[in-house]
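Two complexes, one shared chain (chain A), two partners (chain B, chain C).
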Partner chain A sequence: MTISRETIINIVLALLLLAIPYAAIQFGNPFYVTLATRMAILGLAAVGLNIALGFGGLVSFGHAAFFGIGGYVAGILASHSLSGAPLNFGVFSVPGTNQMPVIWLVALVAGGLLAAAIGAISLRTSGVYFIMITLAFAQMTYYFAISWPAYGGEDGLSILVRNQFPGVNTMVPLNYFLVCYGVLMVGLLVSALIRDSRFGAALQAARQNEVRVASVGITPFRIRLVAFVISGMITALAGALYADLNRFVSPSMLSWHMSGEFIVLIILGGVGRLYGPVAGAMLFVMFEFLLGGMTERWQFFLGLILLGVVLFARGGLIGLIAGKPRHG
Partner chain B sequence: MQIALFIEQILNGLQLGVMLFLMAAGLTLIFGVMGLINLAHGSLYMVGAFACAAVAAATGSFWLGLAASLAAAAAAGAIMEVLVIRRLYDRDHLDQVLATFALILVFSEATRWLFGSFPLYLDIPPLLQGTVPLPGGSRYQLYRLAIIGVGIAVAVGMYLLITKTRLGMRIRAGQSDRDMIGALGVDIRLLYTVVFAFGAALAGFAGALVGALQSVQVGMGEPVLILAFVVIVIGGIGSIKGALVGAILVGVTDTLGRFLLPQLFGLMMPPSQAGLVGGALASMLIYIVMAVILAVRPQGLFPAMKG
Partner chain C sequence: MAETILELRNLCKSFGALKATDDVSLDLRVGEIHALIGPNGAGKSTLIHQIAGTLTPDTGTIEFLGRPISQLGVAERARLGLGRSFQVSSLASEFSALRNVMLAVQSRQGSSFRFFKPVMRDRSLVEPAMAALARVGLKDRADIPAAELSHGERRQLEIAIALALGSRAFLLDEPMAGMGPEGSRQFTGFLDALRQEAPILLVEHDMDAVFALADRISVLVYGRIIASGTVEEIRHNPEVRRAYLGDPQ
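Now for the complex of A and B:
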């Protein structure tokens, strides 16, 4: 078996991301560890979106909803764990927790349920309608978070102490990076398994030719809904990690700028590529940091760069280096 | 008193609806004719508001400001179309979303560069200051009534433009078959630029009108843009009639929801809690309405020929 150029690039990207924090500590710039953690987390969120957008061709402009709900799961459970007050659901109540594995599980379930609800309605439509409806639903969660004061409302919710992972001191930046990097790798593995499975083949076929897929007896709606739910779950998990990185959750995690950013990450890296989201996140965080260091007006230049990429460099970074994918 | 308050809320809802129509009409026209989804439409709204505020501050005349808002937004729209948008017509929606998202970043930051981060204020022109009496004894701002009137006039004007004029005929032809009207010798590139600039002028006009009610600041276009999306999704993308019905529906539903829902919940629970639940639900109401409408009619209320 020959190794394709894309595989080599993927391995290099994975190693590069892993090397950043070690190099940062070596050269006495521990701040870069946080930057690398941001890359890993945003990369994971985009890996989630890539399953819907890249493989399934479902341009969701509302993935901030899932990112945010993951963040709020982490924030709310942590605040209840700190105060000791149980969470009331009317008939029953559960205690809060500061254990990441539990939080992650809850974030996955919450993200999945929300994605099932949003997807069930949105996937009845397609094209521009789908883009706008997912955007509108994300805005709905955004306004809900702002107007619901129990967990901070507009001001957001602080996580005083970063949640814990068994056997790891997560307050050490390098440790937390490794946790996030590990989760990212699992996310990429899931993404690769999906892409290469029968399910993934059907999903990608439905993107290319819906009628043909339907004519061989596969319902595109069901496949897309499952893909959308998995996609939302992964992005929600990234949201939980992001909340713990900043030790802060606010409605801005749910804002439509966030959804736009995820799409940007995927396009920068290369749509439908396994490592596209990771490449995009690394590039984006780097741009943001470098431009932010040079000028206050970095968003202006970021906008121009994005315009340039859309108009002139189709295929993103991986497309530029690895050439066209073998299957469109 | 309650009745007067109710009428006031309905008028507020109409005023919001009319504003949304000005935004949504441009968006839906651009989508209908060129098949383009333009996120930067909110930026044109912002351009209009800033142009109006700046010119009004410099000359002391709101009316000159209003004229400037139309000119500035149309010019910004035409430049945007020629430099960027024109290259996107043949691309998929993903590219369009991303490129116009990038345009938002550029426009917002450029505006902040030019005008600073502090909001500008725009006064209601003297002619339209003051209030008019409403049945039930309360009074209503004349300016808001004027906005409703202007909105209705624009809606009628657009109807006449599209059904009765040569330009309108070309726009309708562009909506149903763009290759054919190109083949018939209509300069399609020019038509596209004109339509885009026209939509931009409507957005800028809306921004200027609202600028006198709210502060003029960077980012002001984004909430309106998203509401306008909800409007055209409800109305059926590409349909101007749908945009009008959707805009009024969204405007009135949103305003009445914020007014009535807390009171409704007040019948069932203590006032403080009712305010909370009612307020939270009211902020989500139009999205719920949208979801219900789409569940019944996935193509919106007035499906246009193209999805």
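Now for the complex of A and C:
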């Protein structure tokens, strides 16, 4: 079996991202470790979105809702763990926790449930209507968070001490990067498995031709709903990591800017490509840092770059280097 | 009389003032090719759409294998065994010919909710798909994306998909359009044998093929069936000659 050019690029990107924090420490610039962690987390969020948007052609403009709910899960559980007060759900109550594995699990479940609810309604529409209805749902969560004073409302919620991962001191930036990088790799593995599986075949075929999929006896709606749920879960997990990176959660994680940013990442990196979200996140964070260092209006230049990609390199960075995707 | 597989009774469908399907009744029996002919705009494709489920009739019933299917969606009807080819071919265009057929094989095997095993390494998918491609003569083109196949090849691919689905009846909407004379002749031979596997409701403009293949012919004009019978009966039916075959008398 020959190794495709895309596989080589993927390996290079994975190693490059891993090398950044070590190089940063080597050259005495530990701040860059945090940048690399940001790349990994935003990449993971976009890996989630890529399953819906890239594989399934479901242009969700509401993935900030899942990112945010993951963030709030981390923030809320951590704050209860710190105060010692249990979370009350009326009939029963549970204690908070500062253990990342538990937080991640709760974030996955919460993201999945929210995605199931949003998807069940949104997926009855398509095209522009789907974009708008997912945006509307995400904005609802945004305004809900703003008007909920128990957890900081508009001001957000601080996580005083970063949550714990068994056997790892997460307050050391390099350690936390490695945790996030590990989760990203697992996310990419899940994404690759889905892409090549029967489920992925049906999902990608439904993007190309919905009538064809129905004509062989597969109901596109069910396939898409499950894809949307998986997608939301992964993005929620990224949200939990993001909250711990910043040790802060605020409604801005739920805002439509965030949803737009995820879409931008995927377009920059390559829609529907396994490592497209990673390439996109690395480029985005780099642009944000480099251009942001030069001018406050860096987003104007990001816009120009995006315009260039959309006009001249539709496949994003991966498409530019590896050519069109191959479907076996 | 042979067993009836598909039966339409008093089907009506209007688009505004236009009666696209006007009280159509017809059936499809085991082992036969039932051809549906008629001038352009007679409502042949509209009828196929209603049988397949992409359009809903205003009134009337459709029974398939003895059960009413009017309330079922496209995917459910396909799962029951209604295989279909489209007037304008409809495929997953980025996927190779092989992967298009594999999609039908995986549907036939039951579940698409399997997330781990790579499809390309799954012999239970690849082998039946390859066999279906071989039957329509597309084995050598298995790796070509559907978008890069010729028109004729895409029709063949759609038939291969219907075969892989284990269809109990075939709805073929102009399967020979876009094929050269040689391809047409070969394909006529293929359909001739296919009827033993499952009956075919055939919409076709190529009259030579229709007269060579059909056990029965129904003639649709302005949404109505004006005649139905054997090839000989239709050939000599004066109304059909006047309305459709362009007889000068």
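Here is the rule we use: the second predicted complex is superposed on the first by the 326 of 328 C-alpha atoms of A that agree within 3 Å, B and C clash if a C-alpha of one lies under 4 Å from a C-alpha of the other, contacts with A are read in each partner's own complex, and residues count from 1 in each chain.
Just so it is clear, a residue touches a chain if its C-beta (ideal position, glycine included) is under 8 Å from a C-beta of that chain, and two chains touch if they have at least 3 such contacts.
This one's a predicted model, so the numbers in the text were calculated from it and none came from an experiment.
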Chain B versus chain C as contact partner of A:L105, first or second or both or neither: neither
Touching partner for A:I131 - first (chain B), second (chain C), both, neither: first
Touching partner for A:L291 - first (chain B), second (chain C), both, neither: neither
Greater residue coverage of chain A in the superposed arrangement, chain B or chain C: B
First (chain B), second (chain C), both or neither touched by A:Q139: first
Which of chain B and chain C A:F61 touches, first, second, both or neither: first
Which of chain B and chain C A:W256 touches, first, second, both or neither: first
Chain B versus chain C as contact partner of A:I321, first or second or both or neither: neither
Contacts of A:L113 with chain B and chain C, given as first, second, both or neither: neither
Which superposed partner A:Q208 touches (first chain B, second chain C, both, neither): second
Chain A - residues contacting chain B, complex: 53, 59, 61, 121, 124-129, 131-133, 135-137, 139-140, 143-144, 146-149, 256, 260, 263-264, 267, 271, 297, 299-300, 302-304, 306-307, 310-311, 314
Touching residues (chain side chain B, partner chain A) in the complex: 31, 37, 84, 87, 93-95, 97-99, 101-106, 108-110, 112-113, 222, 226, 229-230, 232-233, 237, 276, 279-280, 283-284, 287-288, 290-291, 294-295, 298-300, 307
Chain C partner contacts - residues on chain A that touch it in the complex: 193-194, 196-202, 204-205, 208-209, 211-220, 223, 226, 325, 327-328
Of all residues in chain C, those that touch chain A in their complex: 52, 54, 73-76, 78-79, 84, 86, 90-96, 98-100, 102-104, 106-108, 111-120, 122, 125, 145, 161, 165
